[in-house]
Amino acid sequence: MTNERYERGWKKLMEVDGEGGERVISSLEDIAPDVGKYIVEFAFGDIYTREGLNLKQRQLVTIASLTTQGGCEPQLTVHINAALNVGLSPNEIIEAIIHCTPYTGFPKALNSIFVAKRVFEDRNLKISK
Amino acid sequence: MTNERYERGWKKLMEVDGEGGERVISSLEDIAPDVGKYIVEFAFGDIYTREGLNLKQRQLVTIASLTTQGGCEPQLTVHINAALNVGLSPNEIIEAIIHCTPYTGFPKALNSIFVAKRVFEDRNLKISK
Amino acid sequence: MTNERYERGWKKLMEVDGEGGERVISSLEDIAPDVGKYIVEFAFGDIYTREGLNLKQRQLVTIASLTTQGGCEPQLTVHINAALNVGLSPNEIIEAIIHCTPYTGFPKALNSIFVAKRVFEDRNLKISK
Amino acid sequence: MTNERYERGWKKLMEVDGEGGERVISSLEDIAPDVGKYIVEFAFGDIYTREGLNLKQRQLVTIASLTTQGGCEPQLTVHINAALNVGLSPNEIIEAIIHCTPYTGFPKALNSIFVAKRVFEDRNLKISK
Amino acid sequence: MTNERYERGWKKLMEVDGEGGERVISSLEDIAPDVGKYIVEFAFGDIYTREGLNLKQRQLVTIASLTTQGGCEPQLTVHINAALNVGLSPNEIIEAIIHCTPYTGFPKALNSIFVAKRVFEDRNLKISK
Amino acid sequence: MTNERYERGWKKLMEVDGEGGERVISSLEDIAPDVGKYIVEFAFGDIYTREGLNLKQRQLVTIASLTTQGGCEPQLTVHINAALNVGLSPNEIIEAIIHCTPYTGFPKALNSIFVAKRVFEDRNLKISK
């Protein structure tokens, strides 16, 4: 049931990425709308709704994957917002990026930290230390 | 205090990676012993002992980073064992790898799943579904 | 309709990857069967069945993507076989890999060429020059 | 004959990349002119003039390689223009990028799609669906 | 002795990266100060102060690693400045990047060359040919 | 003059890579001989014969680039041999790989160190510490 997957995915997308996710989907509308559909159906309808990991755990995994890939700053912006949306603290997000340094090196960690910095500033959040 | 960092790191390495970690350090002994020292002191003494994320969360991040990089099968073997050591279930490990597919594609996820498969077999573990 | 997507995907998987694809799916059965399901439904049911590019063009794109990623030798084996299955000649496959060298460098191209070499030998094919 | 390779390469560069390629070469003039020379002689004089794949096929391969690498947005701009120059339709270009998603994940595909979007807008092209 | 490592690292950071390095550390202050500390202690206190390679050799290695990774333009800016600080000529820096082309392809080399171009312009340096 | 470039390149390939390089070229003979030709002409005839960096410096750059890419163990084997051929000591080679760790992380450095270990053992070389 494509519709059922889409609806389930859209609901999850709204819960996780919120406005940032909606913006991605709508920015695809006039160029590659099916990619938006696949993100909703596959990434959110199939994957994010799976059991076995909760949404906080999923966002830790997402941040680690995007940090490690490099060159994914727009997606990191969406998913660091998402991490906050599902209840990770700014400190836990930074901690996840720091944890990547021995595995992927400082440059990619720095790029990711500076994305987080901007997201936290936009949301008037402070790292509590 | 180098010694204090090393001791703290070694204790954490044993807790997390156990035998697999010890094997990495000792395999470096006659070629690049300082790299073993840095892994113990920096990766484990500095990073793994930080607060803010528990060891299960850290292993989710590690597995996502290694899966995404590609070409890190030996390190994945060590860290999927480590994930089990710190209390992640086989199912949670596989779930973390599956969660990477929309971000990094099927090929790297498959490579990582087949590493997990071998680790689970070596430890006589079953995925419970 | 999950079943409809799965059936359409399975048919396409058989047409493209044949036995090699079947082996991937069945090797996932006892460790991550849903990943096999997603490969069938999403990669083959959704993507490969799209219009706009024919199967030869799709395999050129696949080979270029896998060559460029690096570390995907098992997937390259499957997809170089697939490229032959859908009618690309050995020469066109090698040509696609050669075309990647200015973009991704010689090392990854060499790794990919040697995978192709083994596939062609297994199928008793000759490069015609 | 260096000159012969250069001339053949320049002619091919003009045919494929046009103005965008000329701009790359001339931007290298006061910093690394030999890299411009190698692009003309090797990438275009040696590789692009080979038989075995036509220019449309070569641009599909190029787009897949650049999409997969990540961080190559300037080169994607040049080569999506080139893809149009050699006769690929906007739809075929987007389709090639979509085909990469199961192999390299959504983030890199999205980055590439948004480059294509800007190129199509600059050329007043519409995706026909 | 953490303090000793930090002091040794800071001195080396100032010698190598100068102002650019100081800016990185201070930009981390309110978001992830420990990452700044690790860069000083580990990257500079432990690694850069090692014997076996001099600073010119270390900067060649750094530039090759950052060029090859891709997506590290901010770090390349710092380290191309650093390469000049430790006595590499603009020509040697460009030469190191050119040497990467057969291994990592033209796109990443071009991205790195254009970073070098901006650094040289900021410092009123000319490539002598 | 293709012949002149090829001859110059071949001579340089023999000087740098020796037998290991010859083996790569001849392994390409029946599958993609032109790639062997391009390695000789472009990588060695054009790039390695450039002035501005000596062969020891070039091998440091090569090792850093291959270590950082990951998945290039066969090429690292050739080029760690080459590094020794042009006069780098085992210690300098290991040092170059260690220098990559803050930039590219421990996993890729470890993979590269273990390649070096095998090369040194094959040549009965010892790291002198």
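Letters A, B, C, D, E and F mark the chains as written, and numbering starts fresh at 1 in each.
Going forward, contacts are C-beta pairs under 8 Å (C-beta built on N, C-alpha and C of every residue); 3 or more make two chains touch, one makes a residue touch a chain.
Predicted model, so just to flag it, every value in this text is computed and none were measured.
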Using the contact definition stated above, find the chains touching both chain B and chain F. A, C, D, E
Of the other chains, whose C-alpha centre is the longest way from the centre of chain B? D
Taking each chain's centre as the mean of its CA atoms, which one is most distant from chain E? C
Taking shared numbers over all numbers used, above half giving same and below half different, the chain B and chain C interface sides are different
Could you give the separation in Å between the centres of chain D and chain E, each centre being the mean of its C-alpha atoms? 30
CA centroids of chain A and chain C: separation to the nearest Å works out as 29
Using mean CA coordinates as chain centres, what's the gap between chain C and chain E in Å? 39
Would you pick out the residues of chain F that each touch at least 2 other chains? 34, 38-39, 42-43, 50, 66, 69-71, 75, 94, 98, 101-107
Given the complex, residues on chain B that touch chain D span 101-107
In the complex, go through chain D and note every residue touching chain A. 70-71, 94, 97-98, 101, 105-111, 113-114, 116-117, 120, 127, 129
Can you check the complex and tell me which residues of chain C touch chain A? 1-2, 5, 34, 38, 42, 46, 50
Which part of chain D faces chain E closely enough to touch in the complex? 24, 27-28, 30-35, 38-39, 43, 66, 69-72, 74-75
Residue positions on chain E within touch of chain F in the complex are 39, 42-43, 47, 50, 52-53, 57-58, 60-69, 75, 91-92, 94-96, 98-104
